[in-house]
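One chain, chain A, appears in both complexes that follow, with chain B as partner in the first and chain C in the second.
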Partner chain A sequence: MTEPVLTLDGLSVRFPGSEPAVADLSLTVAPGEVLSLIGESGSGKSTTLHAIAGLLPPEAKVSGDMRLAGRDGNLFAPDMDRQGVAGRQIAMIFQNPGASLNPVLTIGAQLDEVVRAHRAVSRTEARAVTEELLDAVGLPRTGPQAKDWSRAYPHQLSGGQKQRIAIAAALVGDPALLLADEPTTALDATVQAQILDLLLRLVDERGIAIIFVTHDLAVAASIGDRIVVLKDGTAQEEGRAQQIIKSPSAAYTARLVAASLPFTKEAGAGHDQMQSASDSDALILDNIHRSFAARGGGRVQAVGGVSLRVNPGEIVGLIGESGSGKTTLGRIAVGLEQADLGRVSIGFSPLDFERDRQAIQMVFQDPLACFNPRQTVLGAIGHPLRCLRGLKRAAIRKAAYGLLEDVGLDPALGDRQPHQLSGGQLQRAAIARALAAGPRFLVCDEAVASLDVSIRAQVLELLDRLRIRDGLGLLFISHDLGVVQRIADRTVVMRHGVEVEAGPTAALLSAPKQPYTRQLLASVPSGERPWRAARAAVTKDGRRPGA
Partner chain B sequence: MKWMRCHGGLIGGLVLLVIALIALCAHLIAPGDPLNMVARPLTPPFTDPRFPLGTDHLGRNILAGLVHGARVSMTVGAAAAAAAISVGILVGTLAGFSGRIIDDALMRITEAFQTVPTFLLALALVSVLGASAANVVIAIGISSWPPTARLVRAEVLRLKGADYVDAARLAGRAPLAIAFLEVLPGALQPVVALIGITVGEAILVESALAFLGLSDPNLISWGGMVANGRALLRTAPYLVVLPGIAIAVAVLAVTLSGDGLARRLGILGRR
Partner chain C sequence: MPEAKSKVSPSRAARFAVFLFQRVVQAIPVLILVAIGVFGLLELAEGDAVDAYLAGIGAGDAGLAAELRDRYGLGDGLGSRFLTYSTRLVQFDLGYSIAFSRDVSTVILERLPNTLLMMISAILLSASIGVILGGIAAMRKGGPLDAGITFGALILNATPGFWLGLLGIILFAVKLRWLPIGGLSTLDADYGPVRATLDVARHLVLPVFTLALTYLALYVRLMRGAMIEVGESGWVLAARARGVPERQVVLRHIGRPALLPVVTMIGLQSGTLLGGSVVIETVFSIPGLGALAFEAVSQRDLQLLAGILLAGTLLVVFVNIIVDLAYGLLDPRVRLGAGEIA
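After this line comes the complex of A and B, so read on.
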């Protein structure tokens, strides 16, 4: 084995006045190796990355031993000179690449600046290096996708393209180690696949080592040679990626693996088809159109003629990438948005949202954003009880307590402010508020996307229980195929505002008919068929993993 | 610098409290009318124990002037800022909640006010209305509301699209309840950050108006004291320096405490 690029020994990080964020963590990364660091929020994975990069705030107490190849001494020692470490030997990319780009400068100007900061070159030479780097990250000036990318401004680029620019900037210093902090979390599945491919290509071609931080086990296993599982700042388990997801040895990892719902070709849909209900009580969206005024005149069509039906007691999954119009459709279904054309009805009567507000409710993606920070949770749950059900003071309190218990929350939590609850607790409270209206249908807009996997499983369970017990019909909007596969009876795939394909979930996901659906399914990191191996097989001179 | 950011609010608040106490107890500290001639003119400071800060060219007690002037400066400043912020909140709320036409109209009016420098507008208004304390308050109020209006409108527009407002709509709350109970409390919070600046500016404008002789002639004020002393700047600089220091300290204290309050509430960045 070659000398490791990075050796961490006994890293501990502590912020004043709190428990240690990272405790006694040791890890090594070899050249050309990808190490996935996985954990739920608060596990200390980002803190570890920031400690390595030297980006922690000064009040953080860091102890331990960090060695870089080709450098003497412990880089965590207080008087250690870190000059030339961050940016040269170690580079970093982040979850939100747009935040590090200056909106008023062209990409070329910004990359030139980075190049000139690292190398003593003239402007024209710098531009040549910039072009080279853009080419390396898949934004070539010649070829089929040619475009003069260096003249583009950040707002003209998509999220994936911005992440490529960030990677290009990271490559300038010819780093031996790339720190990647959830670089694909904010991206759509197909774009995520491309970025992961790019990172693996850089590993193969340049022998860069990567520490890849993610909360997504499937992504971690797809890109990583090895995985380190973190919880509460301590390593629970470390081992080869395949071994960890197939036969985890630590109890926590086993729970994580069980709770992560990777999309698989084999697994069938969750439950049996419900009795097909008559039209008279189904939620029917009929030929919905909606367009918005675009910036600089003209109109952008968000939804262009989608019809959809949700039966009572049925969960309909609505999947699509960002910009597919799925959120707009959900908002039209609950009356937060008006359709330009088409109608929303329950049974045969069109919904009048002024009168029938309680029939259909919504659970939002970000539980913290959907509660007024200046009201208690109980107060928020009280609104629908008072406004839609016409209850009085004492009855409201009693009903709200009942609802909190119903969703598995301690009623005492109701008197707290939203920010005093965890994400999972708050999402349960959001479901309780939606239920308070006494709805027949619930629209869940990415309702579990912001939750940690173990909490996500509990919320999904809760939704499923409500479906069975109350005969609630759910329109489940999600970008996560693994979740939709487990929970939805039927699934609708949307793209560019129109329906691509619809059908029973099991049939649709195991045998997609449309090319777009197939592409969507292929881009999901399954974790079970590592991309690295797949990539190495197709690259002529690519090194095989673990070679 | 860091120490100042942590403790500036506390120090500002304490100084402000002292000034307020002095203003409240002005008649106890320096009884009688501060405009009365009480001693030999131009007594230098720290020479006569009865008049520790000396007297001006008409033999008026400077300490009494400063103490009573605090009363005028602080009340006029606070009242004017309160007027400006109230008008700003009203206009901003109306613009934020109403439709395109009213919003556009109100914003154009706001911009029209903003294009005229605050001080010039206040000056013009006082010249027209006449120099009295009430008119100075009105003039400053009318000329310094636009920043508050723009801030409130922007916040209302931002919060109108917030998830929790959508959730309130789904919960069946009435539009007025959503506007006043869900959106407005959040939109008003950042106004706290403007209070310090607005009050500070109001005190400055009041002093400047008084300097130009456009304040109530029967009330002593810091700006007026500077104006009176400027002819004797060479022979008795303390006539200008002492009230000048008073103005600077008061404005600094107000700004610092406003800043500290905003930080405490988490509106500005912590530390």
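After this line comes the complex of A and C, so read on.
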């Protein structure tokens, strides 16, 4: 066995005044190996990466032993000189590729700077290295997709392009170890596939080892050779990736595997609909058009003639990549945006949002962002009760407590401020608030995307219960095919503002008719088939998985 | 920088022209409103230039007053005076100053350079020192240096400008005799152009520093807060992870984005360019616009006052166009015509 690139022994990290973020964590990474570090929020996985990279704030107390191949001494020792480690031995890429680039500098300037930090070269030579690196990450200066990338500013690039540039910056110093902190979480499925592919190519071509931090079990299993499962700062389980997801030995891992909803080709979904599907009750979006003023003049069409129907007691999944217009369509459905053309109606009567506001409500992605931080949860839920249902004080309190119980929250939580609740609790409170208006339809815009898998399962269960009990119709907007597959009766695929394909979820996802849908499905890491093996198999005939 | 644009595409130049044109057009209603407002405000004031003149010479009868009012067009009704006022403005004629017996525009243009020179130097000096001190304080956040800088700036902020100016005069002009007591240039001196410039600069040192020090706290706090905020952003962490030297992290990745609020504040402060200097101009006997405005008020020279206010408005509009352009230089996201990449 070759010498590991990194050996971590007994790492503990503690921030003043709180429980240890990481406790006694040991791991090793071999050259050319991909180690997936998986855990839910607060498990200490990002803290571990920051400790390895030496990026923890000074107040954090770090203990343990960290050894790098080709370097003497424990890098966690207090007086240890980390000179030449950052960027040269260890590089790092981050979750939000937009935030990891300085918005006021060109791409070229930012890459040149890193090149000059690690190599003694002139400005012109640095730019040549930069162009070379951009080419290596798939942003070429010449050829069919050529653009002058180095003169672009971050805001002119897409998320995937920015992540490629962050990878290019990480490659400058020829590091032996790349730390990847949820690098694809903020990206669309097809772009995620391309980035994972690029990372694995670097592993194959340059022998770089990667520690890949993610909360997504399917991604972890697809890219990782080995997986370490973290919970509350301690390792629960470690082993070969396939073995972990097929037969987890730790109870926590088993729960994680059970709660994760990977997209699979086979699994049929959908429930028996409560078919009262007469037109008189359904939410009908008819030929909706909406365009926005674009930067520098002109207009961009966000939604270009989409028709959609949600029956009471039915869950309709709306999937598509960012920019496909799915969110705009959802906002039009609840009256947050006005359609330029087309009609929103329930049954045969067009919706007048001044009057019928309570008929359709919305649940947003980030629960913390959609609560007033200075208002108690009960106050937030009481607002629609007062404004839309005209209740008085005592009645509001009673109804609000009832709603909290409905969504499975302890009514005592109602007197707390939003930030005192966990993400899952708050999202349930957000659902309670949406229900307070007494809606017949809910639009859920990525409502479970920011939740940990175990909590996600609870929220999905809640939504399904409301569907059955109250006959609520749901328009479920999501980029997560695994979730849509489990929950939606019918699914609509959107791209560039138009409908690509629609149909019963099981049929659509198991036998897509349109090439775009097929491409979308292919790019989802299932976790069942290791990405690396698949890559090795297909690179022979020149194709890449997910391409 | 190597990526500096060597050629300006015609579309970019065209966009720039469109931007300037739009801003100038936007300024017109502002100027009209200010002109009307100025006229209305001055109408509300008790007494006119003739009252002030008669009070000044100590005597006069109703006949003389009426004759003078007639001569200066002060006896007409409100409507006709507004008509005269607005007709003159459209012709860029600011009127005639009774107190100085000269055209208002001549009087203003004579004083304008003095005030501009002093105020612009003071604001730029204040912003520069503030940016540096605020940056140092942010980097040493919570340390003794941070506390010292913040406290010092606060003390200066709380000190009245005239008092600071008087202290400066006593110390540097009277005791040490390094600098002149007041005025803008040495009288009766026949210097060449170089010595004359240096002479003006020597006279400006005390007033400019006095003004700059009173503004300093604002810029220190602004820069400190912005640096701390930017320091927590993702690209700073990413730059450190890439091994970018700390010096560059601070200057390029923290300092430069943090300049944006400072530039905004310079634009806002330009509004005080004219008014904020009355006290300092008085303390240092500088013949500037602030002192002029004071005289105009005390002499009830309403045409002069209106002219000064309008000149001030023009200046603010002009400075804000410059600030918007500077914003584009600092932040490519608001740059004119920032769109597709090449």
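The rule is short, and it goes like this: the second predicted complex is superposed on the first by the 533 of 547 C-alpha atoms of A that agree within 3 Å, B and C clash if a C-alpha of one lies under 4 Å from a C-alpha of the other, contacts with A are read in each partner's own complex, and residues count from 1 in each chain.
By definition in this document, contacts are C-beta pairs under 8 Å (C-beta built on N, C-alpha and C of every residue); 3 or more make two chains touch, one makes a residue touch a chain.
Values in this document were obtained by computation on a predicted structure and should not be read as measured data.
When the two structures are aligned on the shared chain, A:A380 is found in touch with chain B, with no touch to chain C. When both complexes are overlaid on chain A, the residue A:P103 reaches chain C alone and has no touch with chain B. Chain A has more of its residues touched by C than by the other of chain B and chain C. In the superposed model, A:F364 lies in contact with chain B only, and not with chain C.
Of the two partner chains placed around the shared chain by superposition, neither chain B nor chain C is touched by A:F476.
The interface of chain A with chain B does not overlap its interface with chain C at any residue. Those residues of chain A whose C-beta lies close enough to touch chain C in the complex are 53, 55, 84-88, 90-92, 94, 96, 99-106, 108-110, 112-114, 117-118, 123-124, 127, 147-153, 155-157, 166, 169-170, 172-173, 179, 295-296. Note for the complex: chain C touches chain A at residues 1-3, 233-235, 237-245, 248, 252-253, 256-257, 330-333, 337-342. Touching chain B in their complex are the following residues of chain A: 331, 334-336, 357-358, 361-362, 364, 366, 369-374, 380, 383-384, 387-388, 430, 433-434, 436-437.
Touching chain A in their complex are the following residues of chain B: 162-164, 166-174, 182, 185-186.
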